[in-house]
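Chain IDs A, B, C and D follow the sequence of writing; residue 1 opens each chain.
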């Protein structure tokens, strides 16, 4: 039985469940896909599950709307932007609701406002203040499938608001929490979370389950999906997530609370990240306040500094290295250059051709040798480590970009991730 | 001065006016056109006019939404259809409002609901019950340009409703009436109303002005734009219309109350209509109730019968001919065939290759020779008349389709429409 | 190493390979996906592989072009249709080639004609006569990646031709054969071939490898991807196929020649098919020629009859049942009804609510008990079998539609498909 | 008769003509418009005309393709760009040809290559070397309507080439010349050439006829349509142009050789142009070579300098003012600033808020008072003239942007353009 499978995988979903299912843009990109979604929901209903849908705008529609806005105007009043963008989800919920009708499932569409999402007035990036989900709860009780527009609400000033890109996940998690749903399923175009990038390592394996903490470290380390914001939110609200595919419909990866009895593997995943560049400020006097001065200035300019390493001082002179996203490298260099005289630095150099390789695993906490294994393995394969940083359950090394694929491959091998199944 | 021009043309628009301007789909089809609309409104504002905009969905978007609905489902719940379709205008009003901001014009977008359009619950074809235009009036008073979504409202049950295709004209006329606007301008892709079809007669001339009665007879005779529904509505509400182009921006055609002092031309336009077919029920006994029996049955089947002619009886036997749209010909023939035995008719025949040629003009009422001139002219040029019908200000003749272009040309010539200017 | 993985999975791809990679519509649906394809190809090039790309039209573009054709005309001249449709792939190859340039990969786009695909003159469904791939071979030898438009060629009369929907797979297999490529990779939106439908059975497992014969039986049994035509063609040309995902990029399913030493599992997959309906012609005299008469007539009407069962005669009277696609049911019934008197049948009845459940596996040939297990298992779970048919490596049973999911689940369990790995 | 009308208007088109009709993007933007084009061509054929069509890509498709290119890559190889862009016209010609088939008109589509357009190898902006129009001529002789893809050809190296934006007009004029057509009709979304901008002056009037020289001066003065390149080309090839609307289908404006007997009006049009800005280099020593030095440097940077005025020297010091497009103002200012020391100038200032107002008319050559009238009229209405330049048949004045509308209005009045008909 499907439900038994869920139980065994996640240990959380009862035989007859209330599921919030969120379908992202690619999952409802065209009529054919929308009909597939409706068929899937009809099947869930036949199994006895109650279902609440949260739907994003179709395919690339949000991008398209933003592009149109950019072409009509270089001024983008927030109120009008939200009126514009939220049209995309309205269209999607109406179409999904019609497709459900054709599949024999009673349903009704709800805008964010109708679904009870009350937000602040921060247009284009509103925050949810409260979810008054009575209409949704009533619809479920009446045996209907509510189809809720993702990422939208109504502000305290009665204007339409948008929760920002990726906000549909937030809508889904918030509804799941509010309705005390058994799980929140995020349907997307990937089939789950993998032990590493399958493009780099052929034996990369889809994980059946991962803890919130591990998932958060993976996204922090550069894993692109699911969005960190929704994982954090689900973690806080204690809503089990199921990241799965609306193309293959196979079981995906459950993201849940850590189960102390069940966890055995030390390392769960190797995460490569090629999106950052390294900046080195060289020949800096080793005086208090130098770093503070520099990084305050970078923070004021909204530069996302990730790793920071300061070498031991030699003769009162030291080097400070840090990484920033490629897109922010130019600005970061300008700021360092401008600060150079003030902080007495000798040089400012940049290396855009680096890769950050991270290993993540909750088991690391009780296994002291993980870092040593990582360093040894890279050394054995001639991969030079340029920077290191660690958290309780993650170790990240910066290496040359040209070594990235090899580093990922040998780490995936040494921790035997292809064969460690849960 | 532009305003003087308006005065001389229409006799109704004061120096500084309140104008409701409706922009149809082709007028806002893409960002370039939307920016042109914004520039035009900015110019009107600089001249001192107050402007309220009513905007349709961009280009073919409504068709596209209907197509998507058809592809996801063969069931189309009215509530969901209206949720879907009205997304198109929301998108358009937000974009137009942003373009106005870029052009330096303060504005705000309003959905049908926000603009105060209260409708019945007849989804996909709702009727306006009331227009509570306070927010619009306040915005105008505050010096802003309200941008209102055309063809939509909110029902007495608080659901989103759609007024049907072409409903934006109705929204504009209703707002113009409610706000006591000086005129309602319908911007479209044609430059006005012509004395005949310019594809048929090269010397066809755009009219500066036409009366509501004449305009209504022209649309009844087959003239495609503006839609009869909005003309009737404007006539009833006594709102002067200005049908004009959002491509050339030249002055178009004013549709206004008839001015008894000003009207001189007997005939204003020659209107060809190739959309109908002729049905003849032959050898019918000349008994009371036969026609009633037949046409009641056709009416029950929603057949739009236009012209009806019954020949004089010979020996108690007569023929009845009538015209119907091509699209309804097959159904009409089935009904006549089914009735044939009952009404004792000998034959049922159809001729799809006919054309209806109408001449329209309010001056006809006081000029008895118009019909004679029409018949003589057609006869002189060898055009055979198959059917005739008249109203107070219109004469229509059915001729063979192959004669249509020639008939239109010679009638346009004989009434000297190319040179009769107002 | 990736290449070792390929070797172990398929036993056919050498360390440095020549790969023909075909990307379907969803794989190049938008700029983001096209850039991902380019990144993937760049990575393959860095590994030392030679790559030839075959690209379909973006996303739903072919559907869109067909729709436009339908909206402008009810006449569709073949020459013009092919001029129209092939514009879609031209657009895609140019964009993919530009994306490759941006990813640092030298490439050049080729239309079907430029790539040497010579076809017959059968517009909209042309057959390949010859592939003169010199330009493609030269490009590969020169270190470039040719990007070839799928599904198109030039006819013997020098007109542009289209190979039909799904023809890009054929283009790819033909090129792979002509270039003696090591493998033909079909990138799509599914991650491979599964042991059964993951929507029905949660423990459905992606297969690493399957033989051509099994794959063909699976597609015949209703498995939607890959298209039977391309599998047959690859089988005939002995080109190993790799069906894999352009979304997750994980290793997919290899379709290859059967390896006599390696094959152990008796059953590989359980395939449900809900697309057919059952027709029963009852009370037929048990005379020679009756069935021939009926099925010849159905064949003449292009009805795709799948299964046929004739019951044992009782008193010289028998029943004939057969299945047809739902879309052809009405026509099939009309034909049977029309034939009823002639063949002396008592009744014609239809049941659209059936499901065909097939088990497929090459091991069946040497394992006599497979059918018995299937029937017993269904009986134990109370699933009634209405029709049975078999091939050398497939057994199909018709059951009630409402029993389909349960039947698939219990068969997947009894043959232990979730755990039988290759 | 339509043909008589043409004769009287243009004096060039015989009773039964060979017409090259070019339909721009908006004229074939969707299926409905394409069917309208087909109906129009069918009507022309019934009148006995031979017709050759030249068709642009549908609506905004070329923009869309360029956008896609920009989103997949920042490298745009010319060969691939032309492969991409030309897909748009291929699609359009196939659809138009199908629509003609549905309208009962025999036709065949031709790519640029098939139509015989041989070009140089200058991708994205190729020049026509030769037109080998045999296939087109044969099709016309056989009674078919060839539908030719605009703006494309095949290079001397057998690659697909694109003639650049607006190149369809060039294709049409070149074909008209090559086929010795009686006229080349450019169908667009405006109804002709107006005496001034109808948005500014309500009484602006569409001209029936204008000479090539006047049309060229108008486009040089800022009139947006038709493109100068095609007018020049038609002028050189002596092909009469007819600029007209594919929306209203009314007769437009003929652009032809000047007829010495017919021309009476001194001034034909008032053309406003708000697209330029003024730069003033002040306090320049009045030495030979200073201006040459400056304007050579601007020319080398591809700055389009339009008007140049140098004031009389006072004490050996002078000012030089010139106008450039707004989009090039920043670069122009940088260059002037960089040159300032070298040429010894005191100041560099810019004024972006200017308008150039031009009056154009061939009659000016024999009417000495035109300029005086222009200056007096502007002075009377308090409009200050900042710069003046003249050609044989044009006078341009730069005024403040805020005075532009008033200047245009009073000049249109003083030359009585609303009532001067030809």
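Here, contacts are C-beta pairs under 8 Å (C-beta built on N, C-alpha and C of every residue); 3 or more make two chains touch, one makes a residue touch a chain.
Because the structure is a prediction, the values reported are computed rather than measured.
Using the contact threshold fixed earlier, the set of chains in contact with both chain C and chain D is empty. Between the CA-based centres of chain B and chain C the separation comes to 52 Å, rounded to the whole angstrom. Our note on geometry: chain B versus chain D, Cα centroid distance of 35 Å, whole angstroms.
Shared contact sites, meaning residues of chain D that touch two or more other chains, are absent. Contacting chain pairs (ordered by label): A-B, A-C, B-D, C-D.
The touching residues of chain B, when paired with chain A in their complex, are 31-32, 34-35, 38, 65, 68-69, 71-77, 79-81, 83-84, 86-88, 90-91, 93-99, 101-102, 108-109, 111. Across the interface of their complex, chain C is touched by residues 1-2, 5-6, 29-30, 40, 43, 59-60, 189-191, 194, 197-204, 206, 245, 247-251, 405, 409 of chain A.
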